[in-house]
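Data first, discussion second: the structure below is written as structure tokens.
For clarity, chains are labelled A, B, C and D in written order, and residue numbers in each chain start from 1.
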Amino acid sequence: MTVHALEAARRLAPRFAARAAEHDRDGSFPAEDFRDLREAGLFGLMVPRSLGGLGASFGEYAAVATELARGNGATALVFNMHASVTGALGAVTEELAEALGVPDEALAARDRLLTAAAQGSWYAVAMSERGAGARLSQLSTVYEATGAGWHLKGSKTFCSGAGHADGYLVAARSAADQSVVSQFLVPADPEGLIVEPTWDALGMRATSSHDLHLDVTVPTDRLLGGVEGLALVVAQLMPHWLVASYAAVYVGVARAAIDAAAEHLNARNLAGLPAVRARLGRADAATAAAQLVVAEAARRVDETPGDAETNRWVWRAKLLAGTTAAEVAASMLEAAGTSATRRGHPLERLYRDARCGSLHPATSDVCADWLGIAALGGDPDRDGSAPRW
Amino acid sequence: MTVHALEAARRLAPRFAARAAEHDRDGSFPAEDFRDLREAGLFGLMVPRSLGGLGASFGEYAAVATELARGNGATALVFNMHASVTGALGAVTEELAEALGVPDEALAARDRLLTAAAQGSWYAVAMSERGAGARLSQLSTVYEATGAGWHLKGSKTFCSGAGHADGYLVAARSAADQSVVSQFLVPADPEGLIVEPTWDALGMRATSSHDLHLDVTVPTDRLLGGVEGLALVVAQLMPHWLVASYAAVYVGVARAAIDAAAEHLNARNLAGLPAVRARLGRADAATAAAQLVVAEAARRVDETPGDAETNRWVWRAKLLAGTTAAEVAASMLEAAGTSATRRGHPLERLYRDARCGSLHPATSDVCADWLGIAALGGDPDRDGSAPRW
Amino acid sequence: MTVHALEAARRLAPRFAARAAEHDRDGSFPAEDFRDLREAGLFGLMVPRSLGGLGASFGEYAAVATELARGNGATALVFNMHASVTGALGAVTEELAEALGVPDEALAARDRLLTAAAQGSWYAVAMSERGAGARLSQLSTVYEATGAGWHLKGSKTFCSGAGHADGYLVAARSAADQSVVSQFLVPADPEGLIVEPTWDALGMRATSSHDLHLDVTVPTDRLLGGVEGLALVVAQLMPHWLVASYAAVYVGVARAAIDAAAEHLNARNLAGLPAVRARLGRADAATAAAQLVVAEAARRVDETPGDAETNRWVWRAKLLAGTTAAEVAASMLEAAGTSATRRGHPLERLYRDARCGSLHPATSDVCADWLGIAALGGDPDRDGSAPRW
Amino acid sequence: MTVHALEAARRLAPRFAARAAEHDRDGSFPAEDFRDLREAGLFGLMVPRSLGGLGASFGEYAAVATELARGNGATALVFNMHASVTGALGAVTEELAEALGVPDEALAARDRLLTAAAQGSWYAVAMSERGAGARLSQLSTVYEATGAGWHLKGSKTFCSGAGHADGYLVAARSAADQSVVSQFLVPADPEGLIVEPTWDALGMRATSSHDLHLDVTVPTDRLLGGVEGLALVVAQLMPHWLVASYAAVYVGVARAAIDAAAEHLNARNLAGLPAVRARLGRADAATAAAQLVVAEAARRVDETPGDAETNRWVWRAKLLAGTTAAEVAASMLEAAGTSATRRGHPLERLYRDARCGSLHPATSDVCADWLGIAALGGDPDRDGSAPRW
């Protein structure tokens, strides 16, 4: 089943690659890529088989994401958000649901969302806010109960896929109690949801990571988990979706840069230059290492989720994928030379896309701090200078 | 006089900076910047005072170029080509002219070109060709004498300022004798000169470094030096204009990145983060060092031109300015974070501009090879694996 | 069985660590470490179980070597040579033996050597020569058949464990035919074998990698494989023992440096310094990545030996382990500060030991070239500028 | 005069180099080097001409120190401490003395110390203490006035030249008032001064940077400046002697590493390897840049001492010299290969010596923080997380 998913990703990647330059140039959303993903059944990748999905593990997700990113990193990044939503929802076992006090109706509502995904819907994430970044504890979007359900009000930024998704996972804090943060699945076009097309950035330009303004009311069953205040709990239970799921994408970007450089250099008969060979060789080794680390983190997430050692691998994956992609793409562009800087050349785009990996939360500098505390025997989720979430 | 030039450059830089985002976005030529340069008399920077210019030294040029680049690296890069033409022409002393067999008429023609520059004309350079790069020994553009003067035929690439300059320095090889390479000053709009707007690149987007197709005839006095075959001689006599004049520009780009990051971080109250401070500190030291190396190379070019030790400094300047700019801009963007990757943010542009420094000939890898041969006691102009020019 | 081996390695490492400073200071051989290895049965690690050994895979070897190196890298490096000899001998299957034309008597002789290892003998390798390095094709040590067996004459360098091993694997070329290179197992103290104590080096000081002067005659059955000319064939079949077996050792050295730095910093209450945490965090991630790459290379050597993709992992492992160890140890010493540079402090030794990894053949620069050719689609065993072996 | 000093340094360097291996091996003090320095009159380098010295500027000191370090970095490092003492004493102008309230007798005492230096005495510095490092504000050595003069009691560490100098500059805090820190010039062998030979370190092994135990009484005129509490004032006035005087030494070490690598590689006919050339080329450029930065810092110290911009150059010099030396030496050893790791080979020693530069206070990480604050527009002497002195 998931071998099928990986094969599908490999089959789609060249199509994504063929469209990537245009979407990058225009900052347009890769709608055809998403049609391909739907047709290949990949929106159900993280949906349990019992609900019609492919039931993939986190490790299988990571392999698929890397392959998609070899085609177009931006497409893979938007897909990653959908995978995060469905993956986190799907990972709530009955035991966990009971422990968290999730009522049966909420599980049924969850199943409806997952079934819809398996049938071709996809979701975006609206978490970050200007000023707060991705830290849940700093949000200013608020919600309150009304007779009709929940009313949400606030503004989100960096919402990848905004205007194209079938629904949005929105994090908000309770107007009644500031310390309570909950998540809602807001449908695509209720009254009061406005997409402001602000996304026009250096790299990953096709993600449509626009601003989202919310002044909406959603039905009661759109509160994820059915009880308030679960957002931070879930963040702590599943750091991989917050920290490391990007990593797989950036490994794919790095590998795409090496492949593009090799093709460029061979076409120009420059493969014999020693400086070029040294650059390719070091880039290849670094990228292979980052890919292994992502796979190892994913394997442990699947086998021993939440374990302290698992979490270390999750943070290592984020750090190494981000730094490696940026360094590799910069070196590959230098190996290929000025002619590869023309717009439309894959390396020109990959150089810009690759720079973004270290900047996604948790940034590389934050990862290094987290890992340093762990290596020194401290508790990195507690000893950091700022709240992690 | 040149203090005046440096002050003028400092005065103009903020104006260039204010226009930089627009020209970067559109890939349009910074025509107003060039109007400012003309009005400030800076087209005469390298023109001897006896011909109405400012008579600047190479060191003074470097300081001016760095300041201009703090405003807009692309403008400074185009200006650099004009400075190269006028600087090289102006540096041909009577002794050298005699040694090279330059006839009096050619000196008079040279003086007319320089006088025109002092009065507000500026020149572009059309040297590179697809396939040959910037190596004079590999050119395929040819010329031959006709009754009406010289006929030139061929195509050039990466001609910064194409379509805007008042004249082009064109390198071509003799149809009669392949080993003879000469240079001509072709006026802006003879019949048969076509600018093909091919320049649409990662960085330095405002340079209009388009392709130039030539099938033109120019008057006899447009052969620079008046005798054929001087191009390679001049290249060897003045490697600084071929190798290091870019370097001053990239130092300015690196400094602009630090300044932009500091402003961004202070505005967001993030100056207290230790990781941010470490990035700024290391970037500052590296940029200051590169600036000193450029100044030292320039000082030696002025005092002991052509000296072996002078040339080592010239190559060091090229290597360090290129690598430093790219590393500094990448680190500053990482320090500033995702919000600085929005198009229109100075760091977004500077990150792209900065990557180009190592790619200009001689590339950083070629510089490292050259310097390594010198450090090992060899003759770097001879022992390299490929012809340098 | 091999879980037992890994546990034994973990149990021994602290003992090795306790003795490491003394052997490093004096350049003395860690004889007690080798007594411990013998008693733990680890000389039989790579010996097939049918001959009384532990029958470990290459992957199991790598895990054991890393653990031993966390105690003392020098001990692990000498042990590595013994593992190479026994591992390569043990890996000659009946099919391979038949394909290579190995006679039955040679297999019986091979079995005697392996049985002896399982019972507590260990072997060193005498391959490198001054001038030739480790390239088999450049050796000047010669052999010829005599009535009494084989007569070998020549000098070897960098023979780790010289003067302490129970036998030496010696590579030599045929006096009769320069293109024929064979290997012999020379016993520890025949007449004419002289150990010249030349090893007094920056790092890995306890390996006793002295010079060996040979003017010896060995019995007929000491020609490995029983037919001449197998040395290069074996080198090509088992590049992992020549290229990557060191890698596991240097991963252990890097991890030991992180552990020593953490202990040092915690003892001085310096774990809260942000710069220190960033150093530890980045070092941890890099070392974890290198360890994974070594394990992946080893896994593939066990599953698909000789495969092109397997060999790429082997070279990646060598490159990354060497560069990572040197960078990590340098950064850890900087994190710990001047007080950790006192002789006797583990970091002082580890900084020196770690520098050696990139220098073992194939050096990091050679690895980068090999990997670059592969990434460019070439044949790295053929397209390099110099013979690899 | 100082051209003479620079020539003397160049003349002495090869002699120092010839003795360096032996002193490094034994950890013995380079007494003959110091005899050479005395005979060349270099103990008077920083002594005003009016007192019989050479009256060198800080810039001239830096040039001399770099040359001496090309011979033996350890010798140059001990010499640096003497230069610091005499340089700081000599830099107290009459105006400054008046402003600080220095009585005439103290100036006369100062002149006696400087005259003695010009006549062949040299001084060491005993500032650092275990736990306090080099921070004056954290010292535990105390002094109090007695009838016979001043009584000092405490222990110092890292006192370069201990047991060989003619006097020690000792920093101590007043027993009466903990906030008052003063400096004394303690003669070489009063009763109660014990040198404990603790120095046995990774690099710079010939500096005899032993521990010093003090329970001594010195005459009244040995209080530097004649009034108590001047130590911190002087530290702030002359940060160059505390921060950057080491820098010149490490530039010399880096250059020595390049020279040694070039000699080694040429002798083995390996200068043609592209990877080797790239390493040498990049090392050469980096070292040349660091040397310029040190010279620029020194020039500004001479011209505009204490200026904010001068101090930035001082910290840049410390940062770049330390990091460059370590990176260059590591790369040169990798270029030269295993044969250069034998003890006695210059690169083996230089690799160890070079690592120490970043560790001297202010460490590279502290420098990066200081410079980052400055680049962000803050006050680096105040905004750091810990007291600088």
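Just so we're on the same page, a contact is a pair of C-beta atoms (placed from the backbone, for glycine too) under 8 Å apart; a residue touches a chain by one contact, two chains touch by 3 or more.
Remember, predicted model here, so these are calculated numbers, not experimental data.
Chemist: Among all the other chains, which ones are in touch with both chain C and chain D?
Modeler: A, B
Chemist: Sort out for me whether A-C or B-C is joined by the greater number of C-beta contact pairs.
Modeler: A-C
Chemist: With chain centres defined as C-alpha means, what is the inter-centre distance between chain A and chain C in Å?
Modeler: Measuring from centre to centre gives 42 Å for this pair.
Chemist: Could you tell me the distance, in whole angstrom, between the mean C-alpha positions of chain B and chain C?
Modeler: Distance between chain centres, rounded to whole Å: 52 Å.
Chemist: When the centre of a chain is set as the mean of its C-alpha atoms, what distance in Å lies between chain A and chain B?
Modeler: 42
Chemist: Specify, in ascending order, the residues of chain B that touch 2 or more different other chains.
Modeler: Each of 274-276, 278, 365, 368-369 in chain B touches at least two other chains.
Chemist: Contact residues on chain B for chain D in the complex?
Modeler: Interface residues on the chain B side: 258, 262, 265-266, 271, 274, 276-286, 288-290, 292-293, 296, 312-313, 315-316, 319-320, 365, 367-378, 385.
Chemist: Flag every residue of chain C that touches chain B in the complex, lowest number first.
Modeler: That would be residues 274-275, 278 of chain C.
Chemist: Give the list of chain D residues in touch with chain C in this complex.
Modeler: The contact residues of chain D facing chain C are 130, 158, 198, 200-203, 273, 275-276, 326, 330, 333-334, 337-339, 341-344, 348, 351-352, 355-356, 358-360, 363-366, 368-369.
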